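By written order: A, B, C and D. Residues from 1 in each chain.
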Amino acid sequence: MIVRLMQRIAILLASLVVSSVMVFAFMAVLPGDPARVALGTSASDTAVAQLREEFGLDRPLVVQYFNWVQGLLTFDPGNSYISQAPIGPQIADRLLVTLWLVVTGMVLACILAIPMGTLMAVRHRRPSGLILSALSQVGVAVPAFLAGILLITVFAVGLGWLPANGWTPPAEDPVLFLKQLVLPALSLGMVQAAMLTRYVRSAVLDVLREDYLRTARAKGLRPTQALLRHGLRNAAVPVVTVLGLHLATLLVGAVVIERVFVIPGLGSLLLDSVSNRDLIMVQDVVMIIAMAVLLVNFLVDVAYLVIDPRLRVGGAS
Amino acid sequence: MSALDTETAVKSAVPAGRRRRRPMTGGLLVGGLIVSVVLGMALLSFVWTPHAPTLVNPSARLETPSLEYWFGTDKFGRDVFSQILMGSRTTLFVGFVAVGVAALVGVPLGIVAGMGSRWLGELLMRGNDLLLAFPALLLAIMFAAVYGASTLVAMVAIGIASIPNFARLIRGGTLQVMKTEYVIAARAAGRGPFAIGLRHVLPNVSSLVIVQASVGFAIAVLAEAALSFLGFGTPPPTPSWGRMLQESQEMLSSAPRLAVFPGIAIAVAVLGFNLLGDGLRDRFDPKLEDRR
Amino acid sequence: MTPVPDTAPASAQDSPDDVLAVRNLEVAVGGRKLVEDVDFTIRAGERVGLIGESGSGKSLTALSIMGLLPEDLRTTGSVRLAGVDHDLVGADETRMSRVRGKEIAMVFQEPMTALNPTMRVGRQIAEVLLIHRTRPDRASARAAAVELLAQVGLPDPEAAAHAYPHQFSGGQRQRVVLAIALANDPALLVCDEPTTALDVTVQARVLDLIVRGVEDRRSAMLFITHDLAVVATVCERVMVMYGGRVVESGPVREVFTRPRHRYTQGLIGASDLSVVDDRGRLITIGGSVPPAGHFPAGCVFRNRCDSASESCATRPDWRPTGPDSGYACFHPVPENGAHRTGVPMNQEAGRA
Amino acid sequence: MPDQSTSAKLAPGAGTDPVDAISVRDVTRDYRRPRTSLRHPSPPVHALRGVSFAVPQGQRFGIVGESGCGKSTLLRILAGLDRPTSGSVAIDGRDITGLRERQLRFVRERLQLVFQDPMSSLDPRMRVGDIVGEPLVAQGHPNRRERVAELLEAVGLPTDVADRYPHQFSGGQRQRISIARALAPRPKIIVADEPVSALDVSVRAQVLNLIADLVDELSLTLVFVSHDLSVVRHVCDRVAVMHDGQIVETGPTEQVYEEPQHPYTRRLIAAVPTLGKALSGVSAADLNREYRP
């Protein structure tokens, strides 16, 4: 168990290092001088040179890389080339907003998808299961931003029940916060739920075909009991994998949803930085998102160790 | 007799000659139909659109659907139906290139990772997992930040981000094929790894490739729409469903139909590719079924 | 699924001793019959073998008795179990679940996948006691589980109860499955190829445990296998299935030494590797076993049978030769001619 | 350990025969296991531990053992598909142990395999003709079509099956196809890995007869691996009993069966149920009891 855990940690660290090199290298090879890009073509050479020196852009790439990593590790990634404002606090604020969205969306998705998917699997031959299955297929086909637009059209523009956009921190006005959270979280969650439902369905269907489920029924458990007692834990393994993988999709989905609902999250920050050509900010935000995904994949690996006893005792069987 | 044997018993009740061909499922039929329609629309747009899709006509702004303008016009007076037709071209083009890139890199990668030593396989798959940390949209935004937004950037980014899906699936299939006795027999017959990969592995994982291509197409359509929606995809004036949606957003209260048509187009196209993919998966050999 | 009314004469069944009475059992998928006209009775404590090759329908018969067939297979006929006041064919899941694991239990072929990989073995055994409330509480069920593990000969049953299935070998897992099946002292134990996936020495051990298990509990047993020698070792009576029908049945010694059906005769010949002709060749049955549901009409064996004639195109009637024995063949092996094909038992036994 | 006594007997060749078809000298094969503890690496699995034997030309040599005894590993090493950790293997007198894939060509021509599983041993996407002809392609054989037709006929299949796919055949027919493929490059040695274990009893005898006929007609050397003692007894002249990575006993088949020396062999033979034993009153409990003469 410990060895497995250490292996996972080593893989996580290696992945973080490699991905940071990738992000850095990608940004470093870009055509043109970031300082020139930041100041615009009309800036004087001395101003550019000054900016370069200020941000250490004149130093060797390796030094720049380590400075950057050090900045990330100490939560002090320096200042933006463009606004000159410190990057750290901005990212932290925005990250919090995005996390609210993503976590609410994910929780909504799980609440909807796990029972629905199980039901679909159990009734996969009956009309109710087929209808649910068709619905989920349609759900998968609707992009989150389209769902957002539809929700706005119906609930904000049409019925006027909820605000169409905006964001208020929970500490400021909890009620407004919740009102503003509902639609974006729902658009993320519903689409995610549709996808997740299909994975839950296929995982449960697989488990339903397992010999040990037949053993359970031969013991005298009714099919539903057998599934609940013996099936779900085993079906959880593939579903957890998908949850991990889909967190990346969800994070990216949030980028689009933030744009739809005008929410000042990490996504908006990324998009704004791209349009402002604030490359150091882009680099940092991309790295934060990549780190989040890698971290979640690591947690998924650890979750396996908890769910599946076969992985805990290494080598056996 | 295990459950599997019972299944074989049931399956073998089907006449031997037809054992491999299973009846068309509804999903496969509907999926195939939708995909054909989208393909037809794209082909049609080369020879005919009711109006020039990019023609700005100030005298016909925000027309409601009519015989003249089937889906109405947008705030610049452009015909929505013509734009949808042209948009299908963009969508399919992006899908083809993205899936092509992903398959061309991912399939060989998966096969090599499955046939090579365990060490090599693990290494390739770890690198593969790393790519998962950069979803299509993030890659495309990064690319766009550096090279500027363009269809090419969108396609390549979506393609690169889809490589892991192919590689992972194909590696799984390859590992299964490599365990079979016919591969051992081929080795004992003196076949080299290249011949085995080409003659045994590739044909036996080809159904996986087709299924994943179909599903990958759906993913690409979604990603392209999202990118265009954000302004990182196809630049104006080339029509694109995603950008049509984005342009519609400011008119939601006055002309919600502007969001409806491209929205339906995207959803139906994605649905079509997904249904096709799932249908094909059910139809092909269940032994090499996708193991997610 | 409606149970077919019992048409067989009442005198031939329902003697107080009968544990299981199967009448006119039929399993079909999409109009294709996989099992047809299966009729038999098992008495208390009796060990009956059901023998057949692939596609013979032997496993489907077992699963239909348990009510565990896949949904798309239809069962008709009647299966009555002593002490159960309803027909098992067509009974709903709630009623069947009260019978399964208590009155009838089953051991499956594939021990590697028959146990839940994420649940400790002790709990999996205790569960069957708790479901049927044969033990009042968790603690006593757990103690009983350890006791059962000891009975099936697992060393250190306490530790075994605490382990997960993947920590056991195939043979050990099959013993756990057996412990689960025997936990509630079932009236009938159904074994479906329980040792086919096991090594010879392990098979011997598991067979021994199965026989001792049912003997100790005075349980009846239906033992399904393709291996003639195993059935002869374990059972008192045997039914030979081919093409979804029982083609011959009778006491083990009688069927294996004086087979009447041509298929039984061929099967015994083909499985005996110690008998060769003057050219050193084994006795064979021509052709191959058709896939399930694709056997010829009339006598199911006629396309592989040397004695087949035109009359075999109609279905042969069951010809009883005793209370529990009989065959369905137009051209049976003559009673005095059996010595040519039966087992040369003295020779063989002497060798072992 | 009793294998000391047998290893002396096993010492290959002794130079009397011209050349043994197969000669295995003190072969071991270790596999590494993934590490489970931080401090120590996991102990390696010893799949083979000092295996030695020789098969003279034309002999039918049986290898008997239960799952995990190392017989599959041994077989892969014989076929040049795996390498021993130590020891040497010679085919027709030529050492194959340190050879590269290219240099193994003579093994590929001289030694062919027949597998257990008639489902997985034939590529479902290839036509029967291509399957049987594959070794010929690999060796650049001319006149492939005629040779394939000849081979199909030899195993008792109509030649028009060449255009069909494996799934259209029954288990026994597939095994015939598998045998035809093995015979394609005119090998002198056939290594059969449980070739009849997956077959129905009524078909098994046909395939065993076919193998026996072909071995006779083509004067092949046969290595026949099986867990089924009665099958090996019928097929083989000489038998080696494997247990736990070692050959515990070897000798002429009848002798090993009639007077097993090693306790494991005795237990193994005692555990096999037979019709004859059963009818003369041997019960399951008797099978389980260790054999005492």
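A few notes on this one:
Heads up, the rule we're going with is that a residue touches a chain if its C-beta (ideal position, glycine included) is under 8 Å from a C-beta of that chain, and two chains touch if they have at least 3 such contacts.
Keep in mind the model is a prediction, meaning the values are calculated, not measured.
Among the remaining chains, those touching chain B and also chain C are A, D. A comparison of C-alpha centroids places B closest to the centre of the full protein. Note: centroid distance chain A to chain B, computed from Cα atoms, is 21 Å. Between chain C and chain D the centroid-to-centroid distance comes to 32 Å (mean Cα coordinates, whole Å). Chain geometry summary: the mean Cα position of chain A and that of chain D are 53 Å apart.
For chain A, residues that reach two or more other chains under the stated contact definition are 210-211, 214, 313. Shared interface positions of chain D, defined as residues touching 2 or more other chains, are absent. Multi-chain contact residues of chain C (touching two or more other chains): 54, 108, 110, 113, 291.
Contact residues of chain D toward chain C in the complex are 66-67, 170-173, 200-206, 208-209, 212, 227, 229-231, 233-234, 257-258, 267-280, 282-285, 287-288. Listing the residues of chain A that touch chain B in their complex gives 11, 14-15, 18-19, 22-23, 26-27, 30-31, 137-138, 140-146, 149-150, 152-153, 157, 164, 199, 202, 209-211, 214, 238, 241-242, 245, 248-249, 251-252, 255-256, 259-260, 270-271, 273-274, 277, 279, 282, 286, 289-291, 293-294, 297. Taken together, the chain D residues at the contact with chain B in this complex read 76, 79-81, 101, 104-105, 108-109, 111-113, 115-117, 120-126, 131, 134-135, 138-139, 167-168, 178, 181-182, 184-185.
Every residue of chain B that touches chain D in the complex is listed here, in rising order: 16-17, 19-20, 180-182, 184-192, 195, 199-200, 203-204, 285. The part of chain C that touches chain A in the complex is made up of residues 66, 68, 71, 93-94, 97-102, 105-106, 108, 110, 113-119, 127-128, 131-132, 164, 166-167, 177, 180-181.
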